[in-house]
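We just call them A, B and C in the order they show up, numbering each chain from 1.
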Amino acid sequence: MGGTATVVPRIPGAVLLPLLALLLIGATLAGIGIGAVRIAPEQTVAILLDHLGIKIDVAYTQQQDAIVWAIRFPRVILAILVGSALGVSGAVLQGMFRNPLADPGLIGVSSGAALGAVGSVALGFSFLGVATLPAFAFVGGVITSITVYLIARHDGRTEIVTLILTGIALNTVSGALTGLLTYVASDQQLRQVVFWSLGSLGTATWTTVGGAAPFIILGLLLIPRWGGSLNLFVLGEREARHLGVNTERVRIELIVVTALMTGAAVAVAGVVGFVGLIVPHLIRLIAGPNHRVLLPACALGGASLVLLADLAARTIASPAELPLGVITALLGGPFLIVLMLKTRQAQGGWA
Amino acid sequence: MPSSLIAEGVSLSIRSRWLLREVSFSVEPGEVIALVGPNGAGKSTMLRALAGDLTLTNGRVVLDGRNIDQYPPRDLALKRAVLPQQTVLQFAFSVREVVEMGRGPRHIIDNDGVVDASLRRTDSYDIADRIYPSLSGGEQARVTLSRVLAQQTPILLLDEPTASLDLHHQQMVMEVARELAMAGASVVVILHDLNLAATYADRIGIMREGRLVTIGTPWETCTEALLTEVFECEIAVAQHPIRDCPLVIPMAKSADIRMDVERIAGAAGRNGAR
Amino acid sequence: MFRRSLQFAIVALAALLILGSPLSAIALQDGAATPAPAPQLPATVTDVKGNEITVTDVSRIVPLSGDVAEIIYDLGLAANVVGVDVSAVYPEGQWDGLPTIGFERQLSAEGILSLNPTVVIGKEQAGPITVLDQIREAGVPVVIVQEPQTIEAPTLKIAAVAAALGVPAAGEELVVKARASIDAAIARAATSTSKPTVMFLYVRGGGTQLIGGKGSVADAMIEAAGGVDAGSAAGIAYFMPVTAEAIVAAQPEVIMLPKSGVDSIGGMDAVMEIPGVAETPAAANNQILVFDDLLLLGMTPRTGEFLQELVTLLHPELPAFEATPAT
């Protein structure tokens, strides 16, 4: 308590959202235009336009075409999808659990996805070809989250604390099973999974984008309708109900949608940490905790963050590539500490 | 539009411990009912039952002729508002935003007018732009009351609204309750301060160990014998010097109780009460 | 007359310069063990998935693993290599200054393409597979060669790489040499009467401790050197996590480890801490041997040479080995 007790000047949503949209557009252009291979901007534009059916008079090679259209563009789209999914899911879970430190991992999505991924590798499944690992990761993530919810449910109600504890329990079980499979799998098989679990957008193709997009886009479209309810959730379970929110139904809807979005993101990009934690914090600091603004802002902000982090991942050590999860962790860790210290000072409580 | 709320034989047991036993009373429009009793008497539990939060073991709560558990949350929120004992916020919502949340079920219609009026009513207009988590306990309590007022319901259930407030604001809250009642609302308030109850309530319900011991006007219920028994401490009751209501005086445990009682009785006799 | 002689001289000089320059360029190439062969292109090979791949240009090669890089060096095409992975360590200093493409299993499509390769060549383990597909889509041939986990691996790999790069003759030479040195080592081992139990341990900092068993490269090397693979004998297939009981029960007389792994866990002291190791005959007789990774497990042209060394170490009663003069 104490400190400067007035409302820290906030940027209204009407200003912030367009700004974030501009940032995203800028990041997208940077992502498509910059990479290990140097391609002139006009050539990039020519390639994109050509694929849309418009021919302009700039020459480019087949290799440049492949790089821009088959490698960079799907990667950029995937970064936007993954970043927005993680950003929004983080905000939703923090509001739902009334805890600014929550992230999708709490309900078991990441550990479940990891279990699915290791399982598919260790048991040698490959009937979906390259898509086998992501498919198993996705199913693993979703099943684990739903299981957490169902176990925590009692008498038609789910207490938040029970949900958190069940999440922790299931995370532990997933981890243990993953460990067991790790023991059984060969070293060769394992190295595949280790790199996946560090997070990377290196396998982005139009197919991967097509696989993840429906779940993520659906989630992004649906989530805003819960903005008002999430605001009320913050008051407390009972109070939200007293104010007319059907907390049970809203909760399961949110868990399902979040699980689908995050499951898809983790399935194609591996475990990319900190995005779901940092982005909502940052946005709250700038624009306040109103979920009607927070949710779309986290989608835009998360997308930009992952885009730029991925750009760094594939250019800093070029021609090698750093794992995306490492970059976000390196950014996220210290950032969170600084944020925490400043917030505690400036305001009476958490942003 | 006034609403009627009736408790009929409300009973609740959890793991073979009875928290509420056969509590029956009705809450009429236009009245303030104070629920008092020692700690653990079941006052808060009863309030939750009236709010429709509980699955009862026996009995029922009837709201406007229907069993309260048949109302979907949204409809309930239009009819009754609940003031909790405390609201802890982890996020930096402003006071105004918190009060706006009370508009939840009614959203859009003339939000600002209602929110402003609610803020003024609890002396919270000046702190409207402050951050809720940074407020003192008393300020938070008043803001939460504003939120409840903003919900504009015919029934209000207030759980110890005066607990962290200073004298001025305690009176203010009870004035608000009276005004609401006079405008036709039904108000149930849990209080620890028997004098507040005696001064402002139309009826007082005394609870003990899950039962409603008695319910009636302040004069009917605030008798020395009953209060002393229920609260397990020496209590004297006198005529309030200004209002037509009892003055409840808990006695300190001193060696010479008889002497004190005689002195009070003497004074009471001088003022012509009883 | 004089003018005509001058013209002739000038034309002859010019011709010599023009014709001579490729030769001088070749002469100036450093690091070629043999004079660079002229690749016969286009070369068409069938890769491990059964697809036909045509390589038309080998002027810019990217090998995806260190053993493939080594083979390319031995084939005389080292000057054409434009980028290597982190496991390319032989010959020492050969690949310094070249850009690194990272780990064999975590490659970057655009990264590799930024090196402007004309052919990319690697083993089955290289990946992710989508990355290799993306490189192909960009018009660069990617050849993936098989690596069986047997003692045939070096010769098969050499042949496959040579074929893909259009130098089958040089490849054949190399194969013959490699085959001969491996066979010689195996034969020499056969003359020994001892069959020591050898255990291979794979370690990596961060908790990875595995015993090698049947079907692993180490198993093939041990068998070829006339030892008994303790892991295989204990019923272990491929790699399994160590247990103290397994190690002690196997009673290996010799334990082998890869050098980079040993370094990553903190040296020999850490090796002795591995449960069970200290109680083995290998520990008692100071027979815990650490070898360079590429040499021990890489299945490279040097494998035969290394096998001889291993044979000497495993069968000290044999007369000293005289290496044939280097070519």
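Throughout what follows, a residue touches a chain if its C-beta (ideal position, glycine included) is under 8 Å from a C-beta of that chain, and two chains touch if they have at least 3 such contacts.
Computed from a predicted structure; not experimentally measured.
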Touch-based graph of the chains, sorted into line, ring, star, complete or other: line
Of all other chains, the one whose Cα centre sits farthest from chain C: B
Whole-Å separation of chain centres (CA-atom averages), chain B against chain C: 83
Where chain A and chain B are represented by their mean Cα positions, the distance between them in whole Å: 46
Distance between the centres, which are taken as Cα means, of chain C and chain A, whole angstrom: 40
Contacts with two or more other chains, residues of chain A listed in rising order: none
Where chain C touches two or more other chains, by residue: none
For the chain C and chain A complex, residues of the former touching the latter: 83, 99-103, 105-115, 125, 127-131, 133-134, 137-140, 202, 208, 210, 238-241
Of all residues in chain A, those that touch chain C in their complex: 35-38, 62-63, 66-67, 70-72, 130, 183, 186-188, 191-192, 195, 200, 202-205, 208, 314, 317-321, 323
Touching residues on chain A, where the partner in the complex is chain B: 1-3, 5-8, 98-100, 155, 228, 231-232, 234-236, 238-239, 241-247, 284, 288-290, 347-351
Touching residues (chain side chain B, partner chain A) in the complex: 51, 53, 55, 72-78, 80-82, 84, 87-94, 97-98, 101-102, 104-105, 107, 129-131, 133-136, 151
